[in-house]
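Dropping a structure here in structure tokens format, bear with me for questions.
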Amino acid sequence: MISNQKHNWRNRIHEVIYEADTPSGKLFDILLLIFILVSIVLVMLESVVSIDEKYHELLHIGEWIVTILFSIEYILRIISVKKPFKYIFSSFGIIDFLSTIPMYLSFFFVGSQALVTLRALRLLRVFRILKLARYLGASNHLKASLVASRVKIMVFLFAVMITSVIFGTIMYLVEGEANGFDNIPKSIYWCVVTLTTVGFGDIAPQTALGQFITTFIMILGYGIIAVPTGIVSAEYVRSGQKEDAENEALKTNGNSPSDNITIHLNSQHCSNCHASDHKDNSDYCYNCGNELNPLL
Amino acid sequence: MISNQKHNWRNRIHEVIYEADTPSGKLFDILLLIFILVSIVLVMLESVVSIDEKYHELLHIGEWIVTILFSIEYILRIISVKKPFKYIFSSFGIIDFLSTIPMYLSFFFVGSQALVTLRALRLLRVFRILKLARYLGASNHLKASLVASRVKIMVFLFAVMITSVIFGTIMYLVEGEANGFDNIPKSIYWCVVTLTTVGFGDIAPQTALGQFITTFIMILGYGIIAVPTGIVSAEYVRSGQKEDAENEALKTNGNSPSDNITIHLNSQHCSNCHASDHKDNSDYCYNCGNELNPLL
Amino acid sequence: MISNQKHNWRNRIHEVIYEADTPSGKLFDILLLIFILVSIVLVMLESVVSIDEKYHELLHIGEWIVTILFSIEYILRIISVKKPFKYIFSSFGIIDFLSTIPMYLSFFFVGSQALVTLRALRLLRVFRILKLARYLGASNHLKASLVASRVKIMVFLFAVMITSVIFGTIMYLVEGEANGFDNIPKSIYWCVVTLTTVGFGDIAPQTALGQFITTFIMILGYGIIAVPTGIVSAEYVRSGQKEDAENEALKTNGNSPSDNITIHLNSQHCSNCHASDHKDNSDYCYNCGNELNPLL
Amino acid sequence: MISNQKHNWRNRIHEVIYEADTPSGKLFDILLLIFILVSIVLVMLESVVSIDEKYHELLHIGEWIVTILFSIEYILRIISVKKPFKYIFSSFGIIDFLSTIPMYLSFFFVGSQALVTLRALRLLRVFRILKLARYLGASNHLKASLVASRVKIMVFLFAVMITSVIFGTIMYLVEGEANGFDNIPKSIYWCVVTLTTVGFGDIAPQTALGQFITTFIMILGYGIIAVPTGIVSAEYVRSGQKEDAENEALKTNGNSPSDNITIHLNSQHCSNCHASDHKDNSDYCYNCGNELNPLL
């Protein structure tokens, strides 16, 4: 494996930043998560007037430190991959960018630093460290069957929408502005609040007829809430049964099901095509054939 | 196929209006949906005082344009079918009529144009374009089993009703007018609000005894909410298992299940009896034997 | 069959009142249900101040007419059975008594006529007429399995109770009287309101710490609500599978499952021991051997 | 079995306190539960101002009596076991300590006696008396499968958390302090209130945009509520099916399933290692081999 000094240096960074299986990679990811959490807490504290008045300077400095660190990380991520645009336009790349830029924008637009909370999305990285992806991968059946029932879910949402529009308009006509149903969009909002059993109570029917119709809407909502739950439950049951059946089949074929689980995937990312979840001891990327950096 | 000029002209219209598989039919349906959505948005905007004050003329003109277009469509629908009454008294025919008439009624009755929002029901046509009907048809098992459990659902609604009447009366006696439980119907309304876990809070128990009884009602509601969800979940699971079993049976009979799915139904409507969902390449209506117009 | 004039006269009344399968019995039951509904509506209207002021006399007279009719019915029910105490202390007997007595008590205690709404319980008779009992009987599996899971349900209620007491006390300490958490019982009431996702909002946490704990309680409630639904769903699924398996077994044994359903039970009540649900064409009571009155 | 007087005396106490199968042990446990309930009611009553003003002395005395009895019980529990630290640091030991100490602390810290309500946790002992443990043990399948789906539950909680942070921040930006969304943590609290369908209504969106976003959050919450219910339902169904399958297997193996249930566990605790749930007629502890006291 021939590689010049610079190439080697980039490989190092790539490994630390993009992999979670090596000690240095793990340390990096944990530090990153801590900084993400710290930055979210900073933004939250800043929004609390009483705290912000006392510690404004401190919070502002902390915020800038985190932002600069994130900026460095973002730049390192770009320069350490061979095809930087693959990363930049990947979902994580966009989130990383959006969670770094607000502080710089705050020079131009007041209030834009509140968007920093989008950093919460970066917490999704936790899945990589905890290797949850492997567990989640086990529920492929579930994902497939949820996709299969997406039409049912769409029909359900459509039913909620039409019901809300119809009953929202009726309630607007029955209750009117005097009782808080100022206009049809607000009535529709109230109708969704009622159908979903949230029931804020900021708007509530005052007339006897309005209360009668509301009774009807609530019992309807009671029935509607059963639909998504029923769909999800049924899909969980079915996906579980299929898994059981497959495990059964594996057993009778003489293969212990544990054989199946011992295929280990590591968190290595190909520095060329950015594909991840390579099998342990892979020397070449399963996606583009690029030679993978050996785990140090 | 002998047909005079006029007959041909009507067939054309029939095809454009009633079918969604030809390019012109698809275009018509999409335009129709856009106009329906526009008309609903217009009515909503009109109900918002601040917007209505500024753009009253514009909204009114837009409303009339949509109404006139819908009127023309309604008339074309009637004249292009051989048996117009079949259409007029079909559920879609009634909805089309009710969503067109309110604007004309608004000459005589103030406020009746708000009923225009019934046009939302016309959105159900979207199912036809998206060919969702085919997917829905796949869940025939589900429909059948829900019908089978209708007695359970009735018993459930009956239980909610009796529980509400009994506890509504008790709460009226315990709390009384001073605490917002003005009369028994209002107490029953409050009881349904509580049992369904909506909980607006416009009326809430103030006495210790009332709060104690409310605690009981809420835990009861907790148990009751489980019933419809349980029924629907169980039916979904069962209908799913039946489908699986049938697919299994098909496979073992040497027929691949995909054979089953390749039976395509198109959205053609018979111009004589108004039946739809003919098989592709059908030349005659499966319901009345009338010759179908060939798809252009 | 030897019977004197008086015996015959009592048999007649017994048949009309206690049976729902003969034309006169059916008519009686339907009239009874109408009177029960009328009496409930009367009590409700009386509780609405504006209506009561206008039509007080009318409502009062109507109430007395219904009460006198119910009294006559109650007396006839007692004299037409051989063992009146069996009826008096049956659950229906007690409900009939409690729904008749309040008007008479209103001479002595003001407000006691509101208890008349207990008549709603008499609506349970509707099940007899609609022969729903037969359908309900079909869900014997369900009942059995719900009984089997009663320990799980008890454990669940116990968990809700202990959770409410603990968190109610904590919230009382955190929020205190100033924020509406006046005392521990009221805090516990609030905690149940929150755990069950009812959320009236008459009491709501005001301090930051209180809101943080509330967040925790709500997510807990989210998990707890899953338990009864899960239990009921699972039992429905299991009872459904058992029924399917039995129907399957019946089919393979050469007996069509419809044979099973053709065992008709009628609504005749034995005038001696008050047992009901005799098989059609039974001449003697299956419970005490008393000769049944032939259906006229 | 050689034992001196003192040893015998300690064994006696051990048996009365730690066992629920002997008459004296059962009596002790029932008395204990009554005192726990009494002490909880006392604390509750004390927190109600109107009652406390009238009966302050009485409540205070009652509270001290219970505390002293609990102290004696705690000391007896310690001296009657061979390895007291095993008990002291067991979960029940810690609860017993925490529920006894607050009254003594109240000499030093005002208000600390409210913690006495932690005694509610002692009610968990009821499971021992009612021998519910045996029933719960029957649902080992359930426990195992819930553990198996703990990753799904974690992912779900994580999703709720991230969703709340993101939408909480958005709502803070949209609604602002003027409409009650004072700061981001409060907005997140409101978001959890809405997602869980609790909906207190102490904070509610006032702007049109805020209400539109809320509609979206509520429908999302509707979908999210389906997830834990679906998981729990599916696990109940699966654990039920496994039990059925095992019962089936037992039957076909010629063993009646009732053989299984007749393995009786008693509530005896080993005085050496504190292990419980010994099989009836065991002479030695299954855990440490220590000779068990014969049941008197």
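Which chain is which? They are A, B, C and D, in the order written, and residues in each are numbered from 1.
Assume a contact is a pair of C-beta atoms (placed from the backbone, for glycine too) under 8 Å apart; a residue touches a chain by one contact, two chains touch by 3 or more.
Chain labels with UniProt names: A, B, C, D = Ion transporter.
In this text, all values refer to a predicted model and were calculated from it rather than measured experimentally.
Student: From the centre of chain A, which chain's CA centre is farthest?
Tutor: Most distant chain from chain A: C.
Student: So which of A-B, B-D or A-D matches A-C, with over half of the contact pairs the same residue numbers?
Tutor: More than half of the contact pairs of A-C reappear in B-D.
Student: Interface check for copies chain B and chain C. Shared numbers divided by all numbers used: above half gives same, below half gives different; which is it?
Tutor: different
Student: Go ahead and align chain A to its copy chain D using Cα positions, then give the rotation in degrees, nearest 5.
Tutor: 90
Student: Round to the nearest whole Å and give the separation of the Cα centres of chain C and chain D.
Tutor: Each chain's C-alpha centroid was found; their separation is 33 Å.
Student: Using mean CA coordinates as chain centres, what's the chain B-chain D distance in Å?
Tutor: Whole-Å distance between the two chain centres: 47.
Student: Two-or-more-chain contact residues of chain A, please, as numbers and ranges.
Tutor: Residue numbers touching two or more other chains: 185, 188, 197-201, 225, 229, 231, 233, 237.
Student: Which residues, counting only chain B, touch chain A once they are in their complex?
Tutor: 40, 43-44, 47-49, 111, 114-115, 117-118, 120-121, 123-124, 126, 132, 135-136, 139, 153, 157, 160, 185-186, 188-189, 192-193, 196-202, 225, 228-229, 231-233, 235-237, 240-241, 244
Student: Would you tell me which residues of chain B are touching chain D in their complex?
Tutor: 197-201, 229, 233, 237
Student: Where on chain A does chain B make contact in their complex?
Tutor: These residues of chain A touch chain B: 151-152, 154-155, 158, 162, 165-166, 168-169, 172-173, 177, 182-185, 188, 194, 197-201, 204, 208, 211-212, 214-215, 218-219, 221-223, 225-227, 229-231, 233-234, 237-238.
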